[in-house]
Each structure stands twice: as C-alpha cells, then as structure tokens.
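Below, each structure is written out as structure tokens.
Both of the next two complexes hold chain A, though its partner changes from chain B to chain C.
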Partner chain A sequence: MFESFDLSLVDWSRAQFALTAVYHWLFVPLTLGLSFIIAIMETIYVRTGNEEWKRMTKFWMTLFGINFAIGVATGLILEFEFGTNWSNYSWFVGDIFGAPLAIEGILAFFLESTFVAVMFFGWEKISKRAHLISTWLVAIGANLSALWILVANAWMQNPVGMVFNPETARNEMISFWEVLFNEVAVSKFLHTISSGFLLGSMFVVGISAYYLLKNREILLAKRSILIAGIFGLLSSLLVIYTGDISARTLAKAQPMKFAAFEALYEGKERAGLVAVGVLRESDRKIGDKAVNDFVFRIEIPGFLSVMTGGSPETFVPGISDLVNGNPERGLLSVSEKMERGRIARDLLIEYKEARKINDTEIAESIAATFRDRKFNEEFFRYFGYASIDKPEEVIPGVKVSFYTFHVMVMLGFLFILIFSLALLFLFRGTLRKNKWFLWIALFSILLPYVASELGWVLAEMGRQPWIIQDLMPVTTAVTHVSTGSVITTFILFAVLFTILLIAEVSIMIRQIKIGPKN
Partner chain B sequence: MISHMFLQAYWWIIISLLAGLLVFLMFVQGGQSMIFSLPKTELQKAMLVNAMGRKWGFTFTTLVTFGGAFFASFPLFYSVSFGGAYWMWIAILFSFIIQAVAYEYRSKPSNVLGQKTFDTFLFINGSLGPFLIGTVVGTFFTGSQFSLNELNQVKWGTPWHGLEALLNVRNLALGLAVLFLARTNGLLYLMNTVDDDDLFERSRRKLSMDSISFLVFFLFFVIVLLLSEGFAYDRATGTVSMEKFKYLHNLLQMPLVMVIFLAGVISVLYGIGAALFKAKRSAIWYTGAGTILAVMALFFIAGFNGTAFYPSVSDPGSSLTIDKASSSFFTLKTMMYVSFFVPFVIAYIWYAWKAINRKKITGDEIMKGRHLY
Partner chain C sequence: MNSFVSLLKRIFRFYYEGFTTMSWWGKRIWTILLIKLFIIFLILKLFFFPDFLKKNYRTDKQRSEHVLEQLTKQH
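Right after this comes the complex of A and B.
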C-alpha cells in the first residue's frame, strides 16, 4: 500500500520540477518589481503631463512585455506539474493545496493578464486615468499571484490548518485562515516580493547606467535611476528585514533546514552566526553521512542565538541534536519520530482492513483517533517518518544549504551599497564621471537573479527529503510513470526553455540597444 | 442548509462554465491554425495575428484557472488524469507554452528563431491545442484504463499514458469537432473585428468548409454518444456499472440540461447561418454563447444524474464521480465564497475587452504600428 518509488524516477521528477521552476523564476521577479516601477513612472506622467515620463513608461513597458510573455509560458507547466509528476502528493494534500492555486487563477492571474492587455493596447483608447489604474492593477495582480503561490509553497514547508481523513486517505482543510496566515507564508511572501522589487530596480538602474555610458538618453536614464534607486534601496532594506523574519520562523518550523544552512552540528546557547566560511567533509559521521567541518570561518558571536530567540541565551539545536534527539531540550530523535510515524501509518492500515471486512465500529473509532488533537500532535505529525529508512536521511545537503544561504545574504548587503552609491552619485551630479560605477551597475543586473534563485535552492533543497515537512517525503509523492518518460520530458523542457531563454535575452538586448521610441 | 452534495454540484457547474469559456475562447487557436492558409498578403496576416494576439491571454488564463479550479474542487481528477494521461497533458501544455511567447516575439528584431518559426508555433498550438483538449474530454465519456488503490493513488493501465485516447474514434471525433468549432469561431471573430473587405470575404468563403466539418464530427459524436452505454454511478452503494443509453437518459431525465444543450446548438447554428448567408458581423456572439452553453451541457451530461465523469474501463469501481473525486465540504465551501468574485472578474474582463475592441483593426493601424505583434 505504501510504495516508495524507484530513486531514479524520484530524482528525475525532482530534476524536472527544479528545471521548470528555476526557469520560471528567471522571469517572475522582474515582473513583480518592474510592474511597480512602471506604475510609479506613469503616475508621475499623469500628474505632471510631461511627455518624457510617458516615453519612459512606454520604454520600460516594452521590456516588461518581453519578459512577461516568457514568464507566463514557463509558469503554465508549474500549474499542472503537481498533477503530472507528483500525483500522489496531489491527492494527499489536494484538498488544501489546490485552493490557493485556484484562487491565484480566479483572483490574481485574471486581473494581471486582463489589465496587461489594457496596458499595452489601451493607450489612446481609454482615458489617461483609466490607463493608469490598469497599470497599477497589473502590478497588484502580479504580486497577488505571487501571494497565493507562496501560500501554497509555505504550506508544504509548514503544514497547518488541516486534519487527516483515513477514509479518503488525504489531509483535509479545517481552517483557511491558518493556511493563509501561516507564519511561513507571511514572511515568505514579504521576502519574495521585496526581492522582486529589488531585482526590478537593479534591472532599471543597470540599463540606465548603460545609456549613460553610451551618452544616450541622459534624461531618461537619470530619472529612471532616481525612481529605481529609491525603490531599490527601500526594497533592499526590506529584503534584509524580511529575510531576518524568515530565518526566525524557519528556526521554529524547519529547525533542520536552519541548522543546515549554518552547518551547525552541535546545538548550543550563544551560537554564533557564520558570516563567511568554508566547509570540508570530516571523518566523523552521522549514520552514513559525513559531518562537515569549517576549514575557516568568521563568526559574529552569539548572533545566531539572538536571531533565533531574541537573546544570546537561546539554545539553537544542531543537526546532531535533531537526528539523535536531545531530551534535555525536549527534542525527539529521528528514530523516535520514525516509530511514531509508523504507529500512525499502521493505524491507517488497520482502518483500511476494518473497512474491508465492514467492521464499522473499529473503523469509526480509528477515524475518531485521527481527528484527536493529541494524536495529531504526538503521532500523525510524524506520518512521513514512516517512510524513512535511516535517521540520517532527514539531513539535507549541508554544503548546498550553507553556501546558497551565505552567498544570498552577502549579495543582499551588497545591493544596499549599490543602490546607495547610485543615489549618492545622482544627487551629487557625478554619475557620468564615475564610469567605473556605471559599469558595475550594468553588470550587477545579474546579481539579484543569482541571489533570488539561490533563495529558492535553499528553500527547496534545504527541506529535503520532504515534499511536505514531516508528512510526506518526495519518495512517496511522485507519479507512477516510467523514468524514461520523465527523462524525455525533462530533455524536452530543457531544450525548449533554453531556446526560448536565448531568444528572450537576444530580443531584450536588441530592444535596449534600440532604446525608447520618439 | 448547504450540503456537501450541493457544493459538489455547484463546483461541477463552475468547472463546466470554465470549460465552456475555454472552448469559446479557443477561437484564438482556431484563428492561429489558419495563419498559413487564410491571409493572402503579409498585411492580412498581420491583421489576423494582431486580432488574435490581443485575446490570447484570456484563453491562456482561462486554461490556467480551469486547471487550478479543477485541482481545488476535484483533486482526485487532477491527480488521476494529469498523472495518468501524462503524455496527453504534456503535449497540450507544450503547445500552449510555445504559444505564449510566439505573439510577443514573432516580429521583434533579433528573435533568434525567426518569424516563420514563431508563426509555426502559433499554427501548432492552434491546431493541436483544441484537438487534443477535445480528445481528452472525449475520454470523459469513453473512459480510460486506470485503477486506484486504497490510498486513491493511480496506476495507469497502458504504457502510452494518455496517448491511447487517440486510438478511439469517438475521442477523435470530439477532438476534431472542437478544432473545427474553434476555427469557425476564429473566422467569425475575424469577420467581426477586422475592418478589411478582402479578409472578410476570404473568411466567409472558408467558413463553409470549417463549419460543415464541425457539424459532421459533432453530430457523429453526439449521435454515437446518445446511443452508447454509459457509466452509471449509484451513490448509495458507491458502485459504477454500465447502463445502456445512459447519456440519452441523462438528457431526458434532466430537461433543463436538454434545453441548455439545444439552445447552445441552435445558437451555434444560427450564428454560422447568419454569417454564411447574411454576412452578419455579429455572428460570433451567437456561436460564442452557443458554444459555452453546449459545452456546459456536455459536462452536465458527463457528471450529473449519477454518472461517472472520468470513467475507468479497466476497473469501473475506480471511476471518478463528482461525489468521490471532490474536495471536502470545508474546502468546497471556502472555495464557494471565492467563486462569488467570479461575476466581478467577468465584469472587468468585459470592460477590458470593450476598451481594446473599441476600434476595429485596420490595415492603417497595423502600418502605423504602435504595440504590434
């Protein structure tokens, strides 16, 4: 009844999801950020009636359109991929997970795509004010889309608001608000959209820097840097702030991911935050997984404890504590969780047996147990551990988590510097003299993309082996198709998306070189 | 009191409505499928592409919402069909992915692949999209080979993972009917929205072939459907069995559905006739509304009156019904509140549609080239 699938099928299904998601995410943040920047520019145009602002708005809108099309194209597959490649998952949690996806379509995506059409084709057909509202609605719609998708993702990281129904063999929603206001969802949403604002701002600043380097479109470039510089600086501060909140919620909801991205093996009070570090596999092992040691690190003493619990005395559990348990700190070992998960699973099997022989009384009493709060807190929440064979399986890739996290954070601070410098030079009127900075700004366009993708790599790889934290490992979630089919579709998507990406970048660069129309 | 049964029916109606809207909006695909055959000049081609290009987003969004709404309201269908008929759905998705970029990129300089390739993307999506979607919907009546275990996990019965649906004549007939309906609607939409006499006449001439093809395949499908066995579901015992003339019975036992169905078909026929014989520009609204109604009625026949809407021929007990495949009471109720926003959504779509279509597309506008595809 409980089947773990062939690992190569699981790996290829994951690879395909990762591939499509990474591609999709190359385009989404720019939509999130640029849409607001355009809306701000158009607002200034409508307020002042200055045609130059309209010309700017239209120029950035052209680039927005090129990016938007491929964002939509790559997003389609994600909407359906839970079904095509993760069908067991889709049933197990569809009662909860489907809702945000549907709401995204009904309440957000329609708003976005309808008004995108008005935004592009409505000039001269509707009033200035109506057009401006349409542009704002695009920005709002795009960010609302992100909200619902992130609510769905956050639920996988921190499943709340549901109860398991043994009859249907799935989790069923009992509180919509708990799902929506899931702590992880709130911080994830704010962190993600602010990173999109940041990326959009860097895009605008970088391309404007290019014009300044080429001595073209000076006014447009300076005004764009003004808008995007301020918006970017505020966003980058918000990114740091929301990142901090995210880390704190993570420490509670996914302590293993938290420990992994700091490569913290032994839990402690006054735990330091590693600012920079290099890892190396040591001879020590947890199960059959090697422990990573620091070859070198710079640490901010006590800061990790402060980040986690607000005080240096806060105990931060390490990977060993989480695997082997730490009774003093009230941490269960993974083997204990495996035990409890199996009890929950056996109870489900018992239920199915009772149903088969039509023993309603036993079936009813088991069903009641599954609704019982205490049973849920003590047993069912570890349901996924029943499919874990060895305790060390629950340790995610420590190196991947560590490096993605630290590079992302370093970049995050760098962005504050770049936006600050851009504004400083702009206000002093020395932007064009400081060519070195303009070059840096131009090439910095790529950095937020790196940071943003790393954020997702951390979020998704850092929670392995779970597709739903503690409830379902990826190995039991996949669709029963042949590995060959998934390899084939993986290759198809890889080839198609790569070709489309090349076309997109080529068109984008050409449009930037052509510049705004007169 | 709102019951679980009521909510299941309510959501099946919403799904049917979305399906109806999707098939109507596939006039965009229909138009695309004629990109190489209908226009005589480059200018006409540009007019065709721009007429469709201003609407493609609606179709696409409806498809996404259809997927999302199906997931939220009938998650078992989502996991069984998408996971099981893997290749079929992947093919459909592929054809829509290449569409989404084609409009925006086809006429942009340095687009790497060249306009011809992007136009071919539009043609592929225009032909395959409606045809494959129609074929899949055919399996709602003809069934697939799958079984579910105690945990409701699906095992598909053929290694073709969905492509086997192409071997069934009835599925093919519905697929072709949807394709030719999309083309018919595409032509009518062009006649409505493009101000070009020559293109108008060419569309009208093409209309006779496409609408007759549609009628042939559609009538074939409907007649065979009404004469065939169907998958009857007994809610009390939870069993699925074969019933002779099941779909005919559904029509007769649900007079309202019969009325909707006939109204839809008549409206489509009237639109086609008005365009063919009276050169009526507004014909698209009759065929469009008729399309929505007829598709909705087909979905009602598939899912209501104790019918399995996604039957399994190899293991009838595993067949999906709106009762068995639905979300929980709580989720359906929550989603019902969300659905109250739908009229609001339709209202702003209506506004946007009118705003963009205020002026007809002319050669002049295309030559001036503001935001063009």
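Right after this comes the complex of A and C.
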C-alpha cells in the first residue's frame, strides 16, 4: 500500500490483537453457557427443594467462578490495544464504538459483577428466591455484556447508522437503533451466545462423563448430563439455524467473505454448497493472486443458492465477479469502487485545504456533502478503497476462510450427534456401559473451543483487508509505532495469558478431582 | 440516614464474611485476580499501552488533524 509502509508492523499488530482476542475468547463462552446451566439447576432446586440439586448447582458454580475470575478483565487489553496500536481506527470510529462499549461497561458488567458476589456469598444469607434471581441476573448480565461487544464488532463488519464528520475526522452515530439492530449484529449475537451455550453444555457433559468413568458422583453426573444434554442439543440446533441466518446476512453485507469461505470464484445460479473439499493453488490468477482450485469436493447441488436467496435460481457472486464487476448482476468492480473512494478522499483533502486557509464557506459546503445520504451511498461507503492499490488486494485468504468455515460447520453437526447420543444412552440407562462414548464426551470438551475460535478466525480474517468493511483498511488503521515494541508486547501477552490459562486449567482440574462437597 | 448506614454495614458485613470464609480455591483465585489486575493496569497500561493520540497531541483538534492526515494520504 503506502510506499514507505512497514507491512510487518501491520502484521505484528494484527497478530498481537489476534493473540489477545483468541485467549480472551477461551474464557468468555464458558461463562455465557455455564451461567445458564447453573441457573436452570438452581431453579429446579428452588422448585423441588431437593438438596442434591443444590449440591450440583454449587459444584458447577465453583467451576464457573474459577473461569470467571481468571477470564475477567482480559478483554480490557483489547481496548488498550485500540488506543495504542490502532489509534487511527479508534479515533475514526470513536463515537460509534464508544457507545455500545460504554453501555457494556456501565450496565451489563456491573449487573454481572454485582450479582456474581451475591451468587457466591449469598447462600444461606438471603432467601432462596433472591439467590435464584441473582444467579439468573449473572447469566443475563454475562450475555448482555456479549451483546454490546458484538454490536460494536458487527458495526465493523457492516457499518450503518452513522455519518462521517470531516471536522472531527470521526463517524458520528445518527441512529442508535440502526446500530443495535444492524442485521449482522442480530445474527452474530444469536450465533455467538448459542455457541457459548453449546460449549458450556459440552463442558458439563464431558466432566460428568469423567465422573461416570471414575465410577463416582453417579447421580450428579447423570442429572448434569440430562440438563446439559437437552440444553446442548437445543443450543447446537440453534447454532446451525443462526449460522444459516449469519451466512445469508454475510452474502449481502460481505459478499467477498461469503465467496471466500466457499472458494467460489465464478458466480452462478444453482451454486452448490461444498460439504467437504480440498483446495490447491492453480496457475490461473486474479491480478497477482493465485486462484484456488478444488482437488476434490463433495457438493450439495444448488444449496448455496437456496441458502443465500431461498431459491436455486438465486445468483451467488463469485470472487471474480466481485473483483472485476458484473454489470448484468449490478455488481461494481473494485476499480470502480476505488474511483469512487478516491472522489470521497479528494473531497476530504479539499476540506482539509479549505480549513487551512480558513475558507469556512467551502469547508461548510463540503461538510454538508458528507452529511448527504446520496453522497454517502454512492461515494463515502467506498472510502476505504481509496487506499487500495490493486483490485486483488480485497481478496481475503481463501484457504483460511474455506477451511475454518468447513471445519467449524462439521464440528457443529458433530455436536448434535454427541448430545443426541448422550441423551439416548441416558434414557436407555446404558450410559455407563458405553465407556467409549464417555471417553469421546470427555475429550469433546475441547472441540467447541476449537469451533468457537475458528468462527472468530473466519469472521476477522475473512474480511481482510478491512478493519471496517469498505471504509478503512488495516493499513490505514494502524498506529505508526515501532514494530519492536509490538513484538515485545506480543511476547508479553503470550507469556501472561499462557500462565493464566495454566492456572485456570490446573485449579479447575484439581477442583474436578476433589468433586462436589457433601 | 440510620437505615442507609445500616444498609452499608450489612453490605460490608456480607462481603467481609464472604471473603473471610472463602475456600482454598477462592483465595487462590482472588490472589491470581489481584496479580492479574496489577499487571494489566499498573504495568501494561502504564508502560506499554499509552493512548497514542492523547500522548502525542494535546487537543482534540490536533488529534483530528493527525487522523485526517492519515486518512487522506495519497500513494
């Protein structure tokens, strides 16, 4: 991009952010899912008065507490990184990003953290009902926290509800509701929290399977599998359903990402969905980027078209259509978008010059143009393309997008099978006999973590080169600090987070081995 | 006023008793939590993560001019 630009700075800054986000996301989804499972168990305790349910609730609450305490505040580092390493981005989006994050901090986090204390210290000190309400509020608070973070992230994927103010060089929110009900935000939130429910359920099923293998805590394990099996099965169906909605939303908001995760180069009607496939770089190229061909694939004919538009006749644009344009289908080429982006940028340069010479009349007239809806729809929405040198730069890593998406989807279907088998064996009374399944359930604890992290890799790497879709590429967003300092903090984080993770896992394993109190 | 003070006392006692009667894992977790917060806020934030724009530019006007410069860079 920029001639004197140190690309390794961008790469290291991205790697640093990715490392922090990946580690942070190891703690979050368990909080989202386990909190609801605990609340369901405690509800049964309050309704039945059966002390065994209370014992179960307390045991899972202990594991929840370990995860919550170790994971809490790890996300704050991401906010530090915005200010230090992504300062241009941070300033550019400030008002839009700030609002949901402030609500998250004030409302959801305080709700969550206040009632966590009541949940842990309040047994026998407040009424059963008040304690139960606290537990539910922790679950709701945790998920509300996720809502605001995901709203902010969804805006980066699909920027809506704002207008750019050239005087402050910031985007300003003009519709809070448009930002909140951004279709990417809605589908992302539902998909993410349901995947957290799934992960929490697998965690409970896996640890319960461990107890059954060890021939101890049989009643607790079976009841836990009953709750987590049902909750997990419903969640995994919800994950598939919301994933389908997400894909349809992406096809509209981020068609390049959508085409990349299916490795679809030539757009077509009756496009098939690849169930399994292996890619290989071919000799064909788009600009200087090699086209990936399938070595082999198993495809569901026409299903991608159905998924996208509800009918096999729906045209799904491919990567070539999106780069070179397809006038028949109303698709602009990247070159055309670059031209429009440059018009918006040149107007911003004119504004800057007018301000320098104190020509308020011209400056005001340009500022008014930036508020104009038509200008925004036709030119400013392509602002980021002004920083693109070659059209093929907008193609994300196709192999990464393809494999992360397909492994995630395959795991999604595997989870349905595992929860179904857990319930089937439980109802038949053969759970303890099927040791092979108990071992699979135990080791499957790791799989939802893999699927969840892959989902984020797909979401974030699939939209490259953008930090804000079409408005700002990562190269413009990054702060010009020394690459060495970014590498230093990368190593620091790697060490800090690894220590935290080891602490969590070791305390948790110890607590699981001790088991619930009698 | 008296009821407010009594409420504060009750809240304090609630937390005090909660912390003092905590199990081994609770105490260990709190130790890790405090060390982690110390590292995040007093080491990382202070020495490694200054706010670039706040540190290098005194006013919002200067900050917006810097970002505008970055946004309008031509190549």
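Criterion: the second predicted complex is superposed on the first by the 512 of 518 C-alpha atoms of A that agree within 3 Å, B and C clash if a C-alpha of one lies under 4 Å from a C-alpha of the other, contacts with A are read in each partner's own complex, and residues count from 1 in each chain.
The working rule: a contact is a pair of C-beta atoms (placed from the backbone, for glycine too) under 8 Å apart; a residue touches a chain by one contact, two chains touch by 3 or more.
Computed from a predicted structure; not experimentally measured.
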With everything superposed onto chain A, say whether chain B and chain C fit together or clash.
clash
Name the contact category of A:387: first (chain B only), second (chain C only), both, or neither.
second
Examine A:449 and indicate which partner it touches, taking first as chain B and second as chain C; both and neither are also allowed.
neither
So, A:167: does it touch chain B (first), chain C (second), both, or neither?
second
Chain B or chain C: which reaches more residues on chain A?
B
A:375 in the overlay: touching chain B, chain C, both, or neither? Say first, second, both or neither.
neither
Is A:500 touching anything from chain B or chain C once the two structures are fitted on A? First, second, both or neither.
both
According to the stated criteria, A:83 is in contact with first (chain B), second (chain C), both, or neither; which is it?
both
Between chain B (first) and chain C (second), which does A:116 come into contact with in this model arrangement: first, second, both, or neither?
first
Quick check on the superposed pair: does A:345 touch chain B, chain C, both, or neither? Answer first, second, both or neither.
second
For A:91 in the superposed arrangement: first (chain B), second (chain C), both or neither?
both
Run through 4-12, 76-84, 256-264 or 328-336 for chain B and report the one that clashes with chain C in the overlay.
76-84
Going through chain A, the residues touched by chain B and also by chain C turn out to be 1-3, 65-66, 69-70, 72-74, 76-77, 80, 83-85, 87-88, 90-91, 117, 120-122, 125, 168-170, 352, 479, 481, 485, 489, 492, 496, 500, 503, 507, 510-511
Show which residues of chain C lie in contact with chain A when the two form their complex.
14-15, 17-18, 25-26, 28-30, 32-33, 36-37, 39-40, 44-45, 48-54, 60, 63-65, 67-75
Contact residues on chain A for chain B in the complex?
1-3, 65-66, 68-70, 72-77, 79-80, 82-91, 94-99, 101-107, 109-111, 113-118, 120-123, 125-126, 130, 134, 165, 168-170, 172-174, 176, 352, 479-482, 485, 489, 492, 496, 499-500, 502-504, 506-507, 509-511, 514
Contacting residues of chain A [partner chain C, same complex]
1-3, 62, 65-66, 69-70, 72-74, 76-77, 80-81, 83-85, 87-88, 90-92, 117, 120-122, 125, 166-170, 345, 348-349, 352, 387, 389, 476, 479, 481, 485, 488-489, 492, 496, 500, 503, 507, 510-511
Name, in rising order, each residue of chain B that touches chain A in their complex.
54-55, 57-58, 60-61, 63-69, 71-73, 75-76, 78-84, 86-87, 89-90, 93-94, 96-101, 103-105, 108-113, 149-156, 159, 161, 327-328, 330-331, 334-335, 338-339, 341-342, 345, 348-349, 352, 355-356, 358-359, 370-371
